[in-house]
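Multiple structures follow.
Below, chain A partners chain B and then partners chain C, in two separate complexes.
For the complex of A and B:
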């Protein structure tokens, strides 16, 4: 492949062909080739437009000035153990201090991994937690075979391609067979530069009958101009394994969070996800759960609470490829002010996937006349012996509930606060995970405080 | 005489907000501390509306007359202010609040009574809640259930009584609390109310009911008959007995004419 490499003064995403070789300068050959191919896919793929069903309600051309973004050009710097490293920004440090017990921690600042910690006993048992970039350089064969190939390859679309080309770093987590982690692994992310674009990847492989939970928390300050965080999440649970993945999106104003998540659950494995969207100006999550073996199970939970002019868009799919698998989706959102919530979900029961159990529920609570929720549940069934259901509701805080609460002495704001916390709390109660419930509840309370 | 009244309703007229038809067409009622008043009447007579207007339900609008609670103009107060002043309404149809435990709900209700910078002591609250549940002979696990979510009719009404026991009102409005309850559930609820009155003999009760049977368990000082938005007869417990025997037919004849 021949390529004219020009070095623009400031690499711009739409024109910056020079960005690709630079992003991959220290990578192994296979990865440089994979990046270059991904870049070609990116150039050949048009920006998703509102003419397509999947992007009907999120107008990227209007919301995201892609050409003006500056890629976070994180250098490959991986302190092996940066315990108490002074490079962790204060707000992130405060968020981390709220966490309870962790089996391991990894810190990402502007797309670079700046700290990694893992319980020594887990390391001795063969658990690998490291910078994804470092893992690729170290020649880990799992990374070469699974990175941007089976889960979120460049061919998935404009942003998966862009991410596969430009990702600066991320997380590689491998849990060997039969190893169970007694606390979650926590990724704490921070983005500092307004107008930047950060590309991060997460690759988790839980080998047979292992168990792991992973919390991916993303924070930032408020930004003056749109600032992109793009994440590709690739999760593999082998036979009988269990993975819980939690994304906590708590960016500041101006944050544009775009995530492509794919979960591949093999026989008798459990692969649960929870997406929490509280921050940022725009959040878009594409989640595809693939149930690849009999007995596979995916609980898919989502929680969003938008105020001001926040815009959250979830595009989910439950692909039942194998028979006798189970998936259960529950996304609940509260929307205040002129916030917008979009849920579009589909259950696809593939031919031959008999004995499928698949459920999908989206519920919205509207707290203002200007807030809008759009809910589009869908089913596509190619087998006859299945149990599937889908449902969507968009409701308001009704006058009778409000009166009931006020008749016990709560004022309007306190009543609203209690109802919202109860409504969203149902999602959290389904996935009890160390410290997540408290942290999210506190964040919701803080937002409800702003409403007053 | 009026000075001693805890609740004083005078010439009260009320309608469903933005509708022309008046449901209350001049109600007069005086309740003194510790008194139990029952209001009976056929469907549509306005008895439930009276309770709701006193509690401040936003669907109703008072267009004339006055409601005074301990000398204060109740109609000028928000529902939460009325609650904090000591008015409590046990709902006919208690509302479900998914995801919010009874304990959390009650803690928030008590917290709301404090000043902004005051924090309810959680230990004290827990103690109070346990003591109140014991008083009403309730299982402590009940308080951990989400408010009315999936409750049977009897459980919902017991939850109302528990809230009353924790909030300790000086005036309890009981809006058809007995409707839809079997006799056992009815006895439990009535026993709860009687226990609270034993504890606080000054608590007044306005009991709205369609049937005489609850008055066998909660003995009223006064029984009022409401018909077409007015109290048309008042007397002792014997009024309820007579009503049970005669029905509302004579009122119908008298008021249609």
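For the complex of A and C:
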């Protein structure tokens, strides 16, 4: 793995205001203003502490030396768009080679978009896939109205504010009405500098009755010191549209992955998410699904496999604002060594959201004596004609399943591997997307191999 | 479905315990709380110096701890507390015979049916009126076997060593703000000791009545169930309806020794102007069995989470909780089970009904420490919503540090189905009857754990509360 020593002359987050104007040097006026306001919010917002309910089990002050981080400044100038992949690091190139057919690809290295490819015919139908920074410069009105406003605005908290101030680049994807993509759009991300902080945003708008799936994969080498990747994900599905968003977090040691995701599903649309956490030292995902119109539907899936001293924390919420919407959450995790898994989820049925169907399930498999699982599935119900349930379990490998497999001639190791894969596989089978299942299964197998 | 006007017109939620008794206290502290008041309470009780010191220390802890910002709405509580009488002494001394209790106070308890229940089905009865126990009696049969059932003050006076050894060991003053408050100003409550091997066939009961307006009631109960003993303790509570808010904050400590069985039942039916913030906890030893049966029907806001600390191998804890939240009420209840030792097991079953603008919240904790091998815990919460404006929440905390633990939590929320109502009405019931039947069926698994008379009373209360609530 490449080892990069941090360069002392770079501005650190602790240096404060100097960071923002530099990051915003090439932005349109509205964006410069938005960044400056976000920076003020960031300064005014205290770092979340374990005293707050939502951060009770993830102690940022201990895990993330925020002031010592160096903002990734790869995009102080917008890089040239490249169709070739000469700038793509080798491990990322290898990961990309495993992908099957894609309708489009976009490559992000240290917060800068270095390559964009989109199927010709899709471009002709009006699909837009480009660097978010470029889209803002190009004056796309959707970017101005939706970027950090309705989904993940600075006012959401310390990190959404920091991201809205300092984001270097990201993805803008717009699918026009009635257009269906036959393969996923894939974002491949790489972070190379130890001790850096990368701020990226993803903005996806699926217009009426369109359909798109998006795979966001993030990789990195092992780092010597904590390295932050912060992503703000804003997903809008208009009436009758369908979005599938998959996040594959496969960073190296020392990676601190922090994602703020919000999905806004309008009438009769489907907005499904899958968060897979396998890598990094700390992973924290805040996911808020808002069901804004009748007939809206969100499947929210999550899968985590922690080993060594990995720490995964998922904070999800299902906001049923409109009546007759449906959401179904399933997060499953396996925890080995001294890994810790935290799931906190809440279903909020707002007043008047009659006819809501909302479910929430979190299941944990503990594989070692030192692993810890915490589960907090919550309900807040403000309407009476609803069907809501939640369930949470924590347990170890089922002795009977192991015995059965071993009686068929498998050794203990093989049997355990099979049971774990079967346990986690349920999540993947709910969102079958080209190549994702195979990739994740392979990564889990590699982890199982490491441990035993 | 009938409209809201129909529901309103039926005159719901009649609270039959809301009467006021005209009685003059023999002493009361001035409203509000400071060290002087704590000294007055301690002096009135003629306490040993160590207890006064503890009280004053607890007052310091109470002052230092912030008001909880979770659970129910406590934003107006401080204002209420500033005007609250923290100690109101109703009569000069506690009596052993109803004949000696002042007539008007005795009549209050007659109206509540306590002496009658005592004759019929109880092993012993304690009755608290405002800040003091006015009556305490234990049947001769049990007294001769060494059972102690006394007011907490007499426990301190007559059994100082046993008292001091256990007091504050299950719930220390620093546990939470209101435990600290209780530790500073406690008054009344029971001291119970069940000797090894003694099995009480009928329950002990304590009844808590608040009469004084703007009263703070702080009963303190300490129960020790010694090895292999078996007992059931019931508490009930009511108060008059005042336009001002009252405050009740009890602390109940229970020690269940090896192989003992103890059940603690609460039928809380405070009037709707009462803050009810209670800490109840049991320490459960090897092979012992603790059950909390917690019925919360009254109060303005209840925050109460009976807990079982399973300290030794084979300990078992059960919490059965039933909450009814009518208009303007918030029942924030649930339970906690803490598994510290191997082969411990626990179960929490919670049922709640929210009606009108009522809100019921389940809040619970299941914690399994590393080393509590093969711990098993199961939590089930069901919520029934009666009206569009009703609200329910579920906040379970599950913290597992032990690989071999097996823990499950399930919760469902539903409303009374039109199909269910239609079916019963097609069999000739009217809507109200059908509704009451469905609700009774919903709470049945818990109600059947109560002694017959109490189950009947609970059902009757629910029926009364549900009357005409078909929505």
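FYI, the second predicted complex is superposed on the first by the 433 of 452 C-alpha atoms of A that agree within 3 Å, B and C clash if a C-alpha of one lies under 4 Å from a C-alpha of the other, contacts with A are read in each partner's own complex, and residues count from 1 in each chain.
The rule is simple: contacts are C-beta pairs under 8 Å (C-beta built on N, C-alpha and C of every residue); 3 or more make two chains touch, one makes a residue touch a chain.
Everything numeric in this text was worked out from a predicted model, so none of it was measured.
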item	value
Touching partner for A:405 - first (chain B), second (chain C), both, neither	first
Touching partner for A:414 - first (chain B), second (chain C), both, neither	first
Chain B versus chain C as contact partner of A:322, first or second or both or neither	neither
If touched residues of chain A are counted for chain B and for chain C, the larger one	C
Which superposed partner A:423 touches (first chain B, second chain C, both, neither)	first
Touched partner set for A:53, first chain B, second chain C, both or neither	second
Which of chain B and chain C A:384 touches, first, second, both or neither	second
Partner chain(s) touched by A:187 [first = chain B, second = chain C, both, neither]	neither
First, second, both or neither for A:367, with chain B first and chain C second	second
Complex interface listing, chain C residues touching chain A	70, 368, 370, 383, 385-388, 390-415, 471
In the complex with chain C, residue positions of chain A that touch it	53, 354, 364, 366-396
Complex contact set, residues of chain A against chain B	399-412, 414, 418-419, 421-426, 429
Touch list for chain B against partner chain A, complex	55-59, 78-80, 82-84, 88-89, 91, 94-95, 97-100, 104-106, 108-110, 112-113, 146, 163, 167
